Amino acid sequence: MKLIIAIIKPFKLDEVREALSGIGVQGLTVSEVRGFGRQKGQTEIYRGAEYTMTLVPKMKVEIAVTDEMVGNVVETIQHSAHTGQIGDGKLFVLDLEQALRIRTGETDEEAL
Amino acid sequence: MILVRKTWARLGAAALAASVAAPAFAAAPAIDKGDTAWMLTSSLLVLMMIVPGLALFYGGLARTKNMLSVMTQVGAVAALTMIIWVGWGYTESFGDNGNAVIADFGKAFLRGVTPATFNPLATTIPEYVYCCFQMTFAAITIALVLGSVVERIKFSAVMVFGAVWLTIVYFPIAHMVWAGNGYFASKGALDFAGGTVVHINSGVSALVACLILGKRIGYPKEPMPPHSLTMTGIGTGLLWVGWFGFNAGSAVAANGVAGLAMINTFVATASAGLVWMLAERVSGHKGSALGFCSGIVAGLVAVTPAAGNSGPLGAIVLGAVAAVICFLAVTKLKPRLGYDDALDTFGVHGIGGMIGAIVLGAVASVVCYLAVTMMKPRLGYDDALDTFGVHGIGGMIGALGTGIVNDAMFGGPANGGKTIAAQVLVQVETVAATIVWAAIGTVISIYIAKVLTGLRVSSDVEREGLDLGEHGERAYNM
Amino acid sequence: MILVRKTWARLGAAALAASVAAPAFAAAPAIDKGDTAWMLTSSLLVLMMIVPGLALFYGGLARTKNMLSVMTQVGAVAALTMIIWVGWGYTESFGDNGNAVIADFGKAFLRGVTPATFNPLATTIPEYVYCCFQMTFAAITIALVLGSVVERIKFSAVMVFGAVWLTIVYFPIAHMVWAGNGYFASKGALDFAGGTVVHINSGVSALVACLILGKRIGYPKEPMPPHSLTMTGIGTGLLWVGWFGFNAGSAVAANGVAGLAMINTFVATASAGLVWMLAERVSGHKGSALGFCSGIVAGLVAVTPAAGNSGPLGAIVLGAVAAVICFLAVTKLKPRLGYDDALDTFGVHGIGGMIGAIVLGAVASVVCYLAVTMMKPRLGYDDALDTFGVHGIGGMIGALGTGIVNDAMFGGPANGGKTIAAQVLVQVETVAATIVWAAIGTVISIYIAKVLTGLRVSSDVEREGLDLGEHGERAYNM
Amino acid sequence: MILVRKTWARLGAAALAASVAAPAFAAAPAIDKGDTAWMLTSSLLVLMMIVPGLALFYGGLARTKNMLSVMTQVGAVAALTMIIWVGWGYTESFGDNGNAVIADFGKAFLRGVTPATFNPLATTIPEYVYCCFQMTFAAITIALVLGSVVERIKFSAVMVFGAVWLTIVYFPIAHMVWAGNGYFASKGALDFAGGTVVHINSGVSALVACLILGKRIGYPKEPMPPHSLTMTGIGTGLLWVGWFGFNAGSAVAANGVAGLAMINTFVATASAGLVWMLAERVSGHKGSALGFCSGIVAGLVAVTPAAGNSGPLGAIVLGAVAAVICFLAVTKLKPRLGYDDALDTFGVHGIGGMIGAIVLGAVASVVCYLAVTMMKPRLGYDDALDTFGVHGIGGMIGALGTGIVNDAMFGGPANGGKTIAAQVLVQVETVAATIVWAAIGTVISIYIAKVLTGLRVSSDVEREGLDLGEHGERAYNM
Amino acid sequence: MKLIIAIIKPFKLDEVREALSGIGVQGLTVSEVRGFGRQKGQTEIYRGAEYTMTLVPKMKVEIAVTDEMVGNVVETIQHSAHTGQIGDGKLFVLDLEQALRIRTGETDEEAL
Amino acid sequence: MKLIIAIIKPFKLDEVREALSGIGVQGLTVSEVRGFGRQKGQTEIYRGAEYTMTLVPKMKVEIAVTDEMVGNVVETIQHSAHTGQIGDGKLFVLDLEQALRIRTGETDEEAL
């Protein structure tokens, strides 16, 4: 199994989620993060005190998938999250040794 | 006539407004229910300016970890002032006899004050009401001083500093500028609602205090954006609404002068708010919400000394064009000038009239904007919430400007009874004395606090936030 | 008697209340300290309705990224109104002479206005105070219009649109409905505190503006829940408290009519708030907090035109049962009707009395609920914060309802001096004219703004939020 | 003299203040514009205490998931009260004739009330204004009761409970303590602004209600910190500002007694706020922001019954030192005592004067602090927002204290016309009766609600939050 | 070493933490996330505008443990986080190559 | 490639970020978390109700790096985040199988 971590632009979240539901992904976990990269944050000014916010709001989406689904999920996310402008974000794939559904105790593939 | 001419600002305005014919002193003081209703309302409006007004304005500008510390220090120092005020504050400032600097202590703990007694400075409202009204002025002045030293000063230090500062700075200055036998009052200084007594006083004291306390850890490199400009917005709204209690209340009556003070407080403030945003656009930035709020406060501060003394304000710095228009209007009406029919001449210069209030607000806004955005960074002192930049500078513009706009030439009530030059001279003298007195008094008060309680919280507490460190609470558990 | 019968609503109510015996015009205007105290308070209460009241009510409903933009646009357009008001607004609306549509420009920049002058429409309070009071009405009306176009309209467009709209829509309508020689005033239209002048006017203008501007990106698919209903709750509370300055203030005196307007503003509002929640439950949903807040505002809007004209309101739509009870009560008392003893008949229909205010609020609440939850989705226009749904529709119900409840049959003061049919006809005529005038005026003003500054922010700025895009700030850094 | 001596507190104070010479009943009621202006303002100030004041004070203390539920329950129950008040509340409490427990129902739906009628309890202001003023008292009292049962009581249960509780508890108690022929009023009980009628009444009812409803899930183990002390801070500020409408408004006139009530409300509150923080420091904790806010409310509650009855309050528990000073002052002045010149003796004990108000606030603050921090945990009942701890206990201290400080020995107006012992006895009797009546009435009302709607939300809804469960909304979507 | 990631219902956090302390786990890291799965969010209505919140608030708990502890920790979390109702959450186990305690520089097993 | 996860004290964030930029790290992702460990939270008191907040605010920094950079990045973070007081935090290194830049589709090393 693999754990796919996607860092995407916040307003793309619904689009990505709907695209993933379309290819049978029933569950995922989302968290608000802030990213630092080529995309520069806005300059904010408070009574003359200028702050260039280096950290830009992003959404982190984590999806545990079976090995067969990895390619399909990666492509779907890349396609749905893409705007072509700097800061579209990243996709990371890590190996997932075990998985378990707390409610039923099902493990690995059944747990996803 | 001589006696009447030398009358001091506030009583003059009140007397003039109340009954042009009968001089105020002859008539035995008698309660006027309308005036009393308005002064009861004004007193609670100025309390609203402190809690929750100023507590939110300042609190929103601070970081999340210090929100409760700012709100509690503002609230607690106001509460402390109230106890001290009925203790010895009222009698020291507005008691009977005494000298040019302070009154005697005959009315300590309001001895001799009953629902049926009157203060000579307000002969149509019960003394208790006048006492409450002036109490709230003292409370907001010390609360304003805290603005420059928040996020690092100890709560205990604020209490000690407040008690000493009120006794040796605020009460004497209030007496000197407002009480009948006050030094500056006798010299005809005009300060309708506290340009010098409240704003220059708090602004200068704030500057001195923050120089002694030193900068916050991380200032100016570490970003310290306001944690909630929404709270600052609520504070700005409540300050503006409450300020009518401050300015229109200072007419000490529900009359025409109160109306005049109200319209000036609307117009000068509105213009200052918009002009601050314009100043930001002119210097290449986006017009900001905080800019609008800061402009509103700068305008309120500037109009405070002029509110009831300005009559429809004349143009201060209007540029060649406007000056010409006013000049033509003035020469036609000059012969009708005269102190005794002051009330009629009030509105004679309509054309210059409202423009004056608008321009006063605009000028104050631009100068405060430059002080806050240019002067502070260059000089590098950490006046955290710009108390000096807004209240100190704004107060000075208002106080000096009053000297000019009070003259009949600009439609003012000329109740100072002097030529422009003489009036401005008195204003400058009063402002200078206030600056020196406030500075020295603050140094003394700060060092007493330093000895008794120590001034700054430890660096750990400052980093973790005074809410947890000093009060053991978080502002938000959302 | 004929002259008295044709008196217009506001003056009529004021005259009736003040001194039934002596007709208002004969007595030379003389300041009444009690009235002045109440009108000073009313003026600052209506300011509180704008900042922070409406700024928070609307701001809470917007998304986090647009909170500061909404607050600043509401505050800045109110400030702009104040400058324009003393410039040419006051004189255009309530100056001397002029015609049925606007007055003359004699009092531009308050020329000739002094603390000792009076406006004929308010002969017991200083003209400055009346000028401030009416100023705040103009300011809140333009601020209300913004509700439908927030989250996408440029700040600069708001400024230009506001200036033009006030000049060609608000000032003329205020003159026509409220000024002595105003077109509708002379025809006996009843609008105690602004049902037509403020609410129908702003509601219709808001609808037209949002149709021209078009929908927000993502509306209605993308969820746009209010970012802080807590702020909306604070706004609702401050609007309700401030509204007494609006309704009871419109009695222009601290008298019985002000008391009547106050109780109606309590009762109609309370009933509307609860009924909106009931309407939600009836249509299968949970009674919501936002429902309660919306009901409160709908009730306030509906009672505005009727506040002082309704006397204890009669039952409007009470259903067969209530009608029978009222009918029996009426036939017994019919013979005693007569204009001259209007004041005595005020309370004659107690039994129908208070029920009227309750029912007026209830009816307004249900109709506005349907407009907001059914009509808007079906027609698909993006009236962002439902200004038309609440203020437009609520105002119409109130304005038309006033025609009915004003009649003595329902315990009204019948100060319109007409039969129900005639009075309702005048009300319908005024409402229709206001709708047409406001619509045309808004189209003109919007296109002038479109030419000068462009209307909508870029899609990037709209997506990222107007706080950052237009003002370079975030509302919260928590 | 006998008639005058037996006068009841409120009217006595009003009569005394208004015109010591002419007894109030002889003069035909005539509107005083100044009084009316102040009472219009007081009524809307007490509304501000409820929405947004109390709604924010309580809401901030609740958890995020219940913020909207608390705000809506407070707002909706206040709205319900207003409808019931004009229905049968006003007539049951302050109608004509009736008996010692309730008045007759002649004025149901305000039958017979017009802008020109007066209530015998307030002969200088229109009856509509007095009706509004008393309406807001009823509304805030039921809203206070909710404090102990929030976060688990159903919205529907609150509505049913409120309606029944008002009818069988609040209206009778208000009549008995405040109406002319009320049982306790006739016996000379002193409750200037609602120490018994509002605070002991709501505190006891809250305690009984929360005992019946039982604890919240997870109390006391699961941490339930306030979700936003900032909101509680705003609430505290608005409560303090609004409370002047409560206390100074209860003088029912803009006069010296209103001034006296105002200064007491400033000083007692300020001292209570600071003393609560001192109590925290003494018991080894940090002085907290919530402590300051709680102290403010405890002080306001304690001074409520004494505000106008206390005159400059005497020292209650001042300790040996202060007692000696007062004792010396008293023995010198004792011979001058006498009921008839009460007004002159008002201020005779200046030295004891203000100290009394300060000490009353301090004592109340310490006792409430102990109740909230020690008694509640030990007894283990879940008075969620400490309504009993602050309002119940605070009210008792104030009500009993009034008996002492009212005596001329402590500079009180002695308008109870009795010796200290006799006056304290009457106060104890009134307090005890209020406790018993409120407790029984609450049990009845709660069980009626239990039968009709059920009391608690399901455990799922309680865990997920009443905002979502009962109203389908979140307070924040930031 | 392993990195255990648990997605649980927010009100279960204290219970899980106390259970883990009971079996000797001295440290963990918690973050607020929102989950999408079988458990549907509440329907919220604002003036007639209905939103069905697809994302449900959850708590993510991350615990670095030694290989021996994995089984025990997984079982303890599964037991303490269980309510039997939909949305109880998931448990993921990933291989942890290196660990380091910043204060002391201790690495791997000592760092936990 | 490796995914480095650092749990550090919040006020150290800027220092760590600047140090990482110094050694050529162009991107990272930050999220607010709360930690449980030896460092005890403050005691908070609300009207006598005492809560010892067991969870202390921390910052989680995630950086995807090439294998060669791991040692240098770990050392830089350890150095810049260090205060010597309890609660300085932890560093975890996990193996990263794949990476992808959404904007350009670049994968693995180029995607970082």
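To keep things simple, chains are lettered A, B, C, D, E and F as they appear, and every chain counts its residues starting from 1.
Note that contacts are C-beta pairs under 8 Å (C-beta built on N, C-alpha and C of every residue); 3 or more make two chains touch, one makes a residue touch a chain.
As the structure is a prediction and not an experimental result, all values here were calculated from the model.
Enquirer: Would you mind telling me which chain pair, D-F or A-F, is linked by more contacting C-beta pairs?
Expert: A-F
Enquirer: For subunit E superposed on subunit F via Cα atoms, how large is the rotation, as a multiple of 5°?
Expert: C-alpha superposition angle, subunit E on subunit F: 120 degrees.
Enquirer: Measuring centre to centre with CA averages, how many angstrom lie between subunit B and subunit E?
Expert: One centre to the other, that is 55 Å.
Enquirer: Once you find the CA centre of subunit B and the CA centre of subunit D, what distance in Å lies between them?
Expert: 34
Enquirer: I need the residues of subunit B touching at least two other chains; which ones are they?
Expert: 32-35, 37-38, 41, 225-226, 228, 234, 254, 285-286, 288, 290, 472-474, 476, in rising order.
Enquirer: Using the touch definition from the top, which residues of subunit E touch two or more other chains?
Expert: 31, 44-46, 94-95
Enquirer: Touching pairs of chains, all of them, please.
Expert: Inter-chain contacts occur between A-B, A-C, A-E, A-F, B-C, B-D, B-F, C-D, C-E, D-E, D-F, E-F.
Enquirer: Give the list of subunit C residues in touch with subunit B in this complex.
Expert: Per the touch definition, subunit C meets subunit B at residues 31-38, 40-41, 43-44, 47-48, 51-53, 55-56, 59, 67-69, 71-72, 75-76, 78-80, 82-83, 86-87, 107-117, 125-129, 131-132, 135, 155, 228, 231, 234, 254, 467, 470-478.
Enquirer: So in the complex, which bits of subunit D are touching subunit E?
Expert: Residue positions touching the partner: 222, 463-464, 468, 472-474.
Enquirer: Residues of subunit E touching subunit A in their complex?
Expert: That would be residues 2, 6-8, 31-38, 54-55, 58, 60, 74, 77-78, 81-95 of subunit E.
Enquirer: Quick one: which bits of subunit F touch subunit D in the complex? Just the residue numbers, please.
Expert: Subunit F reaches subunit D through residues 44-49, 51, 53.
Enquirer: Which bits of subunit A are touching subunit C when the two form their complex?
Expert: Against subunit C, the touching part of subunit A is residues 11, 14, 42-46.
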